[in-house]
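Letters A, B and C name the chains as they come in the text, with residue numbers starting at 1 for each one.
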């Protein structure tokens, strides 16, 4: 029996994981989501910004980060538009423009009075990696080659008359899955220019980001899907992150169970062999 | 001409950046740096297609030699050149409905799905490899255990609403994890700086290889 | 996007999602078809996007429109990268490579020291007594000792014996806590990826749940 426990076929584990996630999504039990201090700090920081602030949204991720980062982005957009924030988005990642469009897809329905070009602009992806950031400090229009993600001339968008360089941002919020990401912003923009930086990152990056949070180089961190779910709860509009936390819980439980079983099997069979 | 000039370019360009960073009042240096930044953006935009050329070379050879799976290679090239030429000559921009369809309905979800299969491998790896064979492995497992329970509502549910796992996970992240990561990151930063210096001075030349001679 | 296109797209997306996931059970032709489709489309998308977002306005508006002739330089430098594929002149690609590396190393040498070394060291100077709270004091001690010992672990020029060996061991334990935290968080990230695809399949496609992604 111990051999069996120590050698469960990997396909059984895969099938169980699919089953657990599907069941948790189909029959959610609605586990309580208690916002952590880190997420509350991020929420309060944004809430304390003056109405009408210009916020830079760095969309530094691709489709792989959608589940964890888009809910956080949408919750921040909801909070920001209630405070009449103006958003300017761009990114060093190729899918940045499309990610911003995805995040702002809620605007038409929820904030019909907010207009593209006046209340928000999506500059989209621009090449250059981290070199893009110093170029944005010099001149946004030049770095973006004068066009946004929707191929409009930036000079034709009213918001851009107030936003000539990234220095004009009152707050920088970035959504990151890796490099280029927070380190490039800290190095080129938020450090030298002393602009506050808030980050929403996928869970896998969180441990590596903590030293920058401790040093104050990042003012607040929305950590992964848990952070996104907590932010949704704080903003008061439940979304996909909150809906997914049950499935997260059960799949974590399943993996933990297999870790325990694996160890029990290992010790039982090792002693036998010994 | 083949080695010395490129190395000299690397040295001079790097030097402009370093000097302009420390002598901020010199307008010539600042202008040069800004111009180089702008040029870099253009160079980067142009070299993006190198991935496409690489794929065409590898898969073109497979098709030409009719190696195993050559039909898949042919399909890949059809998709690649098809997407590129249709975008350039028909969609003509990112606002076209066809472009949006291809991105939102095909490319983006496929991209997410490719990454999503990782969950199965991490689940299987946790079961097969996460064995307590030493004290260090034990610490790793216990921390992972607390983290996995503390970062989801399950931890609180198991303790009848008590947030002990979440508090412990938060502390582990903020204190010992952050300390360990900082040690690693300071080491990596110093390593990066040393490597950059070696490249700038032409001591590290490995990257020049692969181009003959 | 028109309703019909959304419907067609949803079905296509679902089919490709399922095909890509089948690989976890066994490598199969259906998966390979989906995989090659994705790689091909994504490569074409990437290059076309770069053209729309940068190359086209750069050439059309700035080089031709405004007659800013200096843009010829980065275009030539960028194109030189492609000489890697023509053996007799492959060495020319070194010019392009060295230009980009020069900028990269210039930025590392001029910008990395402060945020990733000085600021990190400064942030580690935490009060070790007199904080007024024993738990904060303990955490600070763990933080400082953890960071320093993790750094000592990477001193490979010293033998890991005696005091040095003991300090290294504490550093290794600190890093094990960090890796345990990293593992716990990685599980959440990987589950999230798959969760997103399941929310699509059960929500957008089969309409069994109310969530739409």
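Definition applied: a contact is a pair of C-beta atoms (placed from the backbone, for glycine too) under 8 Å apart; a residue touches a chain by one contact, two chains touch by 3 or more.
What you see is a predicted model, and the numbers here were worked out from it, not measured in a lab.
**Student:** Sort the chain contact graph into one of these: line, ring, star, complete or other.
**Tutor:** Complete.
**Student:** Which chain is most central here if centres come from C-alpha coordinates alone?
**Tutor:** So the chain nearest the centre of the shown protein is C.
**Student:** I want to compare two interfaces, B-C and A-C. Which one has more contacting C-beta pairs?
**Tutor:** Greater number of contacting C-beta pairs: B-C.
**Student:** Distance-wise, how many Å sit between the C-alpha centres of chain A and chain B, to the nearest whole number?
**Tutor:** Centres of chain A and chain B (C-alpha means) sit 17 Å apart.
**Student:** If you average the Cα atoms of chain B and of chain C to get two centres, how far apart are those centres in Å?
**Tutor:** Those two chain centres are 3 Å apart.
**Student:** Taking each chain's centre as the mean position of its Cα atoms, how many Å separate chain A from chain C?
**Tutor:** Roughly 14 Å separates the two chain centres.
**Student:** By the touch rule stated above, which residues of chain B touch at least two different other chains?
**Tutor:** 37-38, 40-41, 44-45, 48, 93-94, 103-104, 107, 109, 111-112, 115, 119-120, 122, 126, 141, 144-145, 148, 151-152, 173-174, 177-178, 181-182, 185
**Student:** Which positions in chain C are in touch with at least two other chains?
**Tutor:** Residues 24, 46, 49-50, 52-54, 58, 103, 107, 111-112, 116, 120, 123, 143, 178, 181-182, 185-188, 190-191, 193-194, 196.
**Student:** Where in chain A do residues touch two or more of the other chains?
**Tutor:** Residue numbers touching two or more other chains: 14, 17, 64, 66-67, 97, 124, 126-127, 131, 149, 151, 203, 206-208, 211, 214, 223-224, 226, 248, 251-252, 255.
**Student:** Can you list the residues on chain C that touch chain B in the complex?
**Tutor:** Touch residues, chain C against chain B: 1-2, 5-6, 8-10, 12-13, 16-17, 20-21, 23-24, 32-55, 58, 70-71, 73-75, 77-79, 81-82, 84-85, 87, 90-91, 93-113, 116-117, 120-121, 123-124, 139, 142-151, 153-154, 171-188, 190-191, 193-194, 196-197, 200.
**Student:** For chain A, which residues count as touching chain C in their complex?
**Tutor:** It is residues 11, 14, 17-18, 21-22, 25-26, 64, 66-68, 94, 97, 124-127, 130-131, 145-147, 149, 151, 183, 186-188, 191, 202-204, 206-208, 211, 214-217, 223-226, 240, 243-244, 247-248, 251-252, 255 of chain A that touch chain C.
**Student:** For a test of understanding, state which residues of chain B touch chain C in their complex under the given definition.
**Tutor:** So the residues of chain B touching chain C come out as 2-3, 5-7, 9-18, 20-22, 35-53, 55, 57, 69, 72-73, 75-84, 87-88, 91, 93-94, 97, 100-107, 109-122, 126, 136-137, 139-148, 150-152, 169, 171-187, 189-190, 192-193, 196-197, 199-200, 207-208, 210-213.
**Student:** Could you list, by residue number, the parts of chain B that touch chain A in their complex?
**Tutor:** So the residues of chain B touching chain A come out as 34, 37-38, 40-41, 44-45, 48, 93-95, 103-104, 107-109, 111-112, 115, 119-120, 122-124, 126-128, 130-132, 141, 144-145, 148-149, 151-154, 156-157, 161, 163, 166, 170, 173-174, 177-178, 181-182, 185.
**Student:** Provide the residue numbers of chain A that touch chain B in the complex, in ascending order.
**Tutor:** Residues of chain A touching chain B: 8, 10, 13-14, 17, 31-34, 36-38, 62-64, 66-67, 95, 97-98, 102, 124, 126-129, 131-132, 134-135, 138, 142-143, 149-151, 203, 206-208, 210-211, 213-214, 223-224, 226, 245-246, 248-256, 258-259, 261-263, 266.
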